[in-house]
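One structure is given below, encoded as structure tokens.
Chain lettering (A, B and C) follows the sequence in which the chains are written, and residue indices restart at 1 in each chain.
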Amino acid sequence: MTLRELAERLHCRLDGDGEVEILRVTGIEHAAPGDLTFIANPKYQGFLETTRASAVLVTPGVSRPANGPALLVCDRPYLAFAQALGVLVRAALPGPGIDASAVVAPDARLGDAVSVGALVVIGAGATIGDRTVLFPGTVIGPGATLGADCVIHARVSIRERVQLGNRVVVQDGAVIGSDGFGFVRQADGSHLKIPQHADVVIEDDVEIGANTAIDRPAVGETRIRRGAKIDNLVQVAHGVSVGERTLFAAQVGIAGSTVVEEDVVLAGQVGVAGHLRIGKGVVATAQTGVPNSVDAGTMISGYPAIPNRDWLKSSAVFRNLPALKKRVVELEQRIAELEEKLEACRPSSEG
Amino acid sequence: MTLRELAERLHCRLDGDGEVEILRVTGIEHAAPGDLTFIANPKYQGFLETTRASAVLVTPGVSRPANGPALLVCDRPYLAFAQALGVLVRAALPGPGIDASAVVAPDARLGDAVSVGALVVIGAGATIGDRTVLFPGTVIGPGATLGADCVIHARVSIRERVQLGNRVVVQDGAVIGSDGFGFVRQADGSHLKIPQHADVVIEDDVEIGANTAIDRPAVGETRIRRGAKIDNLVQVAHGVSVGERTLFAAQVGIAGSTVVEEDVVLAGQVGVAGHLRIGKGVVATAQTGVPNSVDAGTMISGYPAIPNRDWLKSSAVFRNLPALKKRVVELEQRIAELEEKLEACRPSSEG
Amino acid sequence: MTLRELAERLHCRLDGDGEVEILRVTGIEHAAPGDLTFIANPKYQGFLETTRASAVLVTPGVSRPANGPALLVCDRPYLAFAQALGVLVRAALPGPGIDASAVVAPDARLGDAVSVGALVVIGAGATIGDRTVLFPGTVIGPGATLGADCVIHARVSIRERVQLGNRVVVQDGAVIGSDGFGFVRQADGSHLKIPQHADVVIEDDVEIGANTAIDRPAVGETRIRRGAKIDNLVQVAHGVSVGERTLFAAQVGIAGSTVVEEDVVLAGQVGVAGHLRIGKGVVATAQTGVPNSVDAGTMISGYPAIPNRDWLKSSAVFRNLPALKKRVVELEQRIAELEEKLEACRPSSEG
């Protein structure tokens, strides 16, 4: 595709030779002739002098060096970069059809142009929407329903009666609908399993990462709302509600029945206790441990979680705690000396 | 089932119309006519006025509102709720039989009424106990032995020679018997793998969560004792012993050779170092990091772990550390002033 | 094998009866006649009096008790122990051949003596090196290349175009080449997926643990370098570079584009933020949270990470923070009293 065509597709202004052929999208450090790359941050502008890329996505105001690459100018180069990848990178999806080795229940309902890979299992009464792709080794439980245009990578478990919307992407090894961790202690100290047979609903445009686990509850439902994106190795416990457009980075864990409202961002390894409400737009930095509900719009850090600003300040003091303690010890010595001197002083002043 | 029949099954006292038909068990907020629900905590008693449920499990002493639902009275409503789910919720287990697509070694021994799902692999010399269910895509290694009445969900790995007792439940994607992480550094700095071929034993009534990993050791054994319940994405390293009735919440990690005694409770994301002993009944709150052995009966928190009570108090001071530091700075100023004044004072007192 | 033969194989000096037959390698506590065991730490020398082992690997200078076991003396008993396991423990690897139930693309290239287990899937154009073993249920994506002598355990996903070197070991359920977690927020607040189709390279002699996930990036590559060893349930995000001989314990997480240099050791549950450089030989203790780049050779701990020595000292003060605060309060009282007295003192001294 010529750079001119690409500029039109991406709604960018072209500054330079529009006839150059763009073959690849890449990072600026590894770029070669034929590549489109991007500078999201003006501080990397110096790369324009040295890059071998044929074209670079930049914000307005960046000036093109003599003999430098062509520029594609737009307000959000990173967004355009993502779009360029969608245009130029060959999709890896297999074509429609049912592999001969798949085991599909006779009463499963498959939409148009569904792609069922090798050794996929589709249980009784399951429904697969149009153009949905199931990669090899995936197991769809009885009565599960998947919408249209889903991409389910290899070796995923979608358990019985789980419901997926449209355009849901699930990475390899994820488990959706496993039994919630619910037990009740009996008189003899042993744990009675509380049967976990209620619903899991994954709404449209959700992405779920590799080896992530999403449990089903005993009653009620677990729900991941529209447009939420969940990274690898995340735990979503039974009865949790994850809000629209929420982002969970890898290894986040959410305990049972917690409600995460929309547009929340949890960085890597954050843990949230059960039965809480995490308000709209809350941001938790990596490894934050959240024992209580959090008001909307708050940025939190620490274990237990406190406002990020306070945590940064307290952490700065923490690393100097031994020095602070020493200052207290010194104060105690100085004050003891003063007390002694004052005792010595007062009688003489009375004399 | 009528409410009267259910009351008898659950050993509850019936207060209200016993002829009402109970169809479902649900949470109190979503209850509808035909539903049984519960109130475990008297503070939720107000729900009795508004719920649409036909019947509610309550503790003695709760009074039934006029026109309110029927009550089932018992000492432990939550336990009765779990039992009611077991009575009323249709089991999801497939019937006995070996799916034609399963690959079963000729010398594997299968008990009575075993259920082998699609695309299950059973290795040479493996033994599967009576009525055990293997969901699709599970791989049972050579020489592994599973007891009776186990439920092994989809895509589980039970590696060579692993032993499972009776009534063990394993959720999707779990791995039992993977190689322990054992290497020894050689003279050239590279790591020589220590072969990990020893035993893993999972005793009766254990539950293991989705995508959890339980490693085998080089020598000795890894053992999960009777009635322990392990949640999703948990790491149990080589040579660990997990005590009876222990509970591990999601994303817990136990390093090699540690002994966890009976009735321990580790909340989510707790980490325990290797070669330790965690005493009977220890409770660790979420994200606790345990670098040393812990005495029986202790409740711990923090990183590194300290008694929970101390941690709560220290954490309260932590969030105000900048203020504490400021007070120390002020003290230093005041004491400097005092020292100066006293210097000024003393000569005059001597005068 | 006789002890004398084993001594020669392990390059150890023999002290005792070389004709005894060694059948097993085991830990010292469970040793029985016919067993070889080891004492790596002289503080366990007392076990020599009581062990039932036939022979014990020890460092020079350990003296053999009367009627004690034979000794194999060498500088690094633990290394010799690992080597002895390699000699004496029967390998669990299946023989070469392609199971009839495997689904192998016609254009896949398989080397000599490859072992393809039951229900393995090998995609179009994939290459499998000589003597590599694929356990049941593993899925190799189109265009993936595996070197020689790899061992890929059950139910692994190796995604499209991923490259593995020689002697790579992958434990069950691991996912290599899943989509990186890359999204860009659009004007309406929704997240546009950045297509993740670039490369993942796993070099020679790497080991990857059970249910670990290694993501592919949008551009550039994710690379695990020669001899790195990665434990279970680890997250390696898109574009990360993991250095030679690096060790990651279980549940470590590395965010996108971070460079981990050679010989780094990250203990369990450590988290590292994105776009950082972790210098050669850095050691992070368990649960460390790393928000910034770290200089080579540093040992770090804490959240946020600080030098280990500082963290130990600060943590010691942390657990006594309430007492420290009390001391500050007492100082404030004493200083207030002093100020008062001095006020009282000075007029009289002027009198």
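Basically, a residue touches a chain if its C-beta (ideal position, glycine included) is under 8 Å from a C-beta of that chain, and two chains touch if they have at least 3 such contacts.
None of the values given here were measured: they were computed from a predicted structure.
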**Message:** Please tell me whether the contact surfaces of chain A and chain B are same or different in residue numbering, using the over-half criterion.
**Reply:** different
**Message:** Between 0 and 180 degrees and rounded to the nearest 5, what angle rotates chain A's CA atoms onto those of chain C?
**Reply:** 120
**Prompt:** When the centre of a chain is set as the mean of its C-alpha atoms, what distance in Å lies between chain A and chain B?
**Reply:** 24
**Request:** For chain B, jot down the residues that touch at least 2 other chains.
**Result:** 119, 137, 155, 173, 211, 233, 251, 269, 287, 302-303, 318, 321, 324, 328, 331, 335, 338, 342, 345, 349
**Item:** Complex interface listing, chain C residues touching chain A
**Value:** 103, 119, 121, 123, 137, 139, 141-142, 155, 157, 159-160, 173, 175, 178-179, 181-184, 186, 189-195, 197, 211-213, 215, 218-220, 233, 235, 237, 251, 253, 255, 269, 271, 273, 287, 289, 291, 302-304, 306, 310-311, 313-314, 316-318, 321, 324, 327-328, 331, 334-335, 338, 341-342, 345, 348-349
**Message:** Show me the residue ranges of chain A that touch chain C in the complex, using the header's touch definition.
**Reply:** 25-27, 29-30, 37, 76, 78-79, 81-83, 85-86, 89-90, 92, 99, 101, 117-119, 135-137, 153-155, 169, 171-173, 205, 207, 209-211, 227, 229, 231-233, 245, 247, 249-251, 263, 268-269, 286-287, 302-303, 315, 318-322, 324-325, 328, 331-332, 335, 338-339, 342, 345-346, 349-350
